[in-house]
């Protein structure tokens, strides 16, 4: 087991090239937010945009259109019921984040299936939140693409079949090999499983134990994997920074709210990008 | 009559255990917000989330969905007209706050009855705002649970039968014994009545005399009782901190607005949690 | 012509009595905001609440409900088409502000007539914005109450019949005597006309020349007249403070936005309230 | 090719005359924002208002009404489907900004045609975003008025017929002469083409490469051309300031968000307005 280091983050987040434009920093679609859990997709999209993704589209129930734009006019929006438009847009994306506030009803299950069926090999996919619960009941194979899942321990139990007490690094790594995707198992100290390694995140604080914290991480991973070429390093850097910011804010706060983390992302990324 | 002290607050708000998750800090449902008073449930939910409650669900008229999420994406939302979903969710809650902006029409009265009928002994209930007016006209007994009511003096008159001029600590305490619930009687200096004691809150400022201040206190009590085991101490700490923050803000403000108090809660709680 | 002085403001804004509650600081209803000009009533209500009014209700087209609550949960809302509820609520108000974003169509004209017909002698009324244009075409007498109108020079031309070039203090004062209401004529240096005197406001900056500035002043007058007994002094203090805050903000800003003024009101009032 | 200088900006942004009012600083209508791209017109309108435009009206799909007013109550709103009202309002405008989030469907094309057909010689027109794509397919001549287009390199390719690799200053200038409108070609270093000159903007940072940055520039140009008499200098000053603010914010941020630029505009303009 290897610790994620600030050095790894520093090597990942590089100074942006002068000759570049929005497209250079990736197109991200975040899919989720039903009538009950619309806040989740707002928090995820906020994190993606503050992470520097070039162009962010939110595919959601339109009941969330106004609350999203009221705080994040930078996002574009599409009704996730409009299959034709979704299909057309999905093709143009570099990264797809699916799950925050998606729910687990039949529509959500169908949407997950539709989206995964269209994923192309060069795309990156972040599967989070409700989509993990749905994933645990699916029998179809996952598409050939760069995929990362972000379960907390209970969701990991559903996905891996490992009870929480049995979720040792070794057992988790074996489960990850079976699933064939990068796995982030969120806990007090989060661990990340890739094909060839087990990573340990040194940060984290109980001040993060509040609703929406995972949605924010999923959005950050969306933003980081849209910009940084090495998929694993992009993921590890997002995990590290998410908890580093929380740790710093928790120096003066009993609870850290998700939007407070997002607001800090550009400053932290700037510092890591300096030589 | 005993003064609430900063020492009591300090003993209540403890450093969070490292091994913990959202569930550790409680599930809170806040019920209220009709078409006219939607702001009340937004202010209450804001206070609950900034107090550190793990998972917060707002049960309201969906007319309030967007304004809530536009400023508080951290909250989940359910339509309070959907009886089946309400029933299912209520079972999973640690704390129920009912009343802010609920109104006093027939629907509100029915909803209060439905909710109270489902309360389980291990749950904690905060009855506030319009629900207190409704409570005063009810004849059914209150459910066996840990209940706190938060009337201002006029609401206490309706609830206790005591005219404002007659609301002495002794008379209030006798009324509280009859009602069998913890009672917070809000006034310039708020008093709190439990089975065995009368508490006096030393703080408070006329800069708090503005709409929404009580909704914020109700939300704080929701958040505190979700996290801290001793019901009475959780309540007393919320009352104390609510006015302490207001007193501090009023050092430089003629009027203190409810959302300004909520924004400060995490910092104050952090300070009390230090050894 | 007499200058409004900081001394007058200081004598008006007094330290709040400890024994007081929301009702002590007045009930204000702000009426306005159609589908095109909803922002005006939001800005007016924001100013009223930040001025310390105890309880603020906004009567508006419900199309504005969500945008209002998204930034000002402290306000209560009523549909201004619901005549019965409006009538019932109007009776309970200390101050009525009518006009910001009301528009000048038939509904607006009817609403103004309905509201003015219900005004009671002890109530205070602020007539602003579109309502001034409507007022200029009315033939019915104004109700017996404490009324203030807040025209800019073009609106004053419509109301008084005086062309802008002819709006000298003497001519304005004669027109005010005819109308029988306090008149604030907004210009670079605003003048205020009461039965026995002409007041001159020393402050004011071209950085205030932006949409919504008048709505903010109307809301402040609503808040001030709700709290301070002397009607004239309350009005003069609102006029003075509105421009004093703007002058200060303009030290570092080319344009001052209305919401920036409102955010400062509690601090300025606090300073004036000190001995 | 001549560099835009801070001296030019200083000569353009003058201290405001004391005797002035909202009308002095111009009436601006911003047209755009469909169901998917509503955020764009919000960001453009925010920039116009923070630039000091006197009166700003947003013509949009009403689906965007609430999210706009939730953050920008200073803007007035009109449904861009209401042809009669649009026609009436357009006549009163000093500046028209068309394009941010307009989309490229049939309705958008028709609206662009309708608006351009009504433009009067003394009006100023900013054509941005989707409207540039529509413009590239039109055959009708542009109206006689002061017009500026704001393409990024790909949009300029569509508009000028020049492939990105061929977009040299000389080729661009020839294309501009053909089109007969001022052209801002947005790139790492933006160039501006007027009838008699080619301007080079010295500022700009890859931290600006995020969605909404162009909408913000379009809104600033709307605000600046509404206030400052010399059309070219107003445009050049907006271009210069937009990137100067971004450069400054990027000293501490990996990505600069559009609304962060708008928030700074009044302070920067103030500094330039000093002698």
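To keep things simple, chains are lettered A, B, C and D as they appear, and every chain counts its residues starting from 1.
Everything below uses one rule, namely that a residue touches a chain if its C-beta (ideal position, glycine included) is under 8 Å from a C-beta of that chain, and two chains touch if they have at least 3 such contacts.
Each chain and its UniProt protein: A, B, C, D = ADP-dependent (S)-NAD(P)H-hydrate dehydratase.
Here the structure is a predicted model, which is why all the values come from computation and not from measurement.
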Same or different contact residues where chain D meets its copy chain C, judged by the half mark: different
Angle of the C-alpha superposing rotation, chain A to chain D, to the nearest 5 degrees: 90
For chain B paired with chain C, centre-to-centre distance based on mean C-alpha positions, whole Å: 34
Distance from chain D to chain B - Cα centre to Cα centre, in angstrom: 49
Multi-chain contact residues (two or more partners), chain D: 66-67, 70-71
Chain A residues touching chain B - in the complex, by the definition given at the top: 35-40, 42-43, 46, 63-64, 66-67, 70-71, 152-153, 187-188, 206-207, 209-213, 250, 252-259
Sites on chain D touched by chain C in the complex: 13, 16-22, 24-25, 49-56, 62, 65-79, 265-267, 269-270, 273
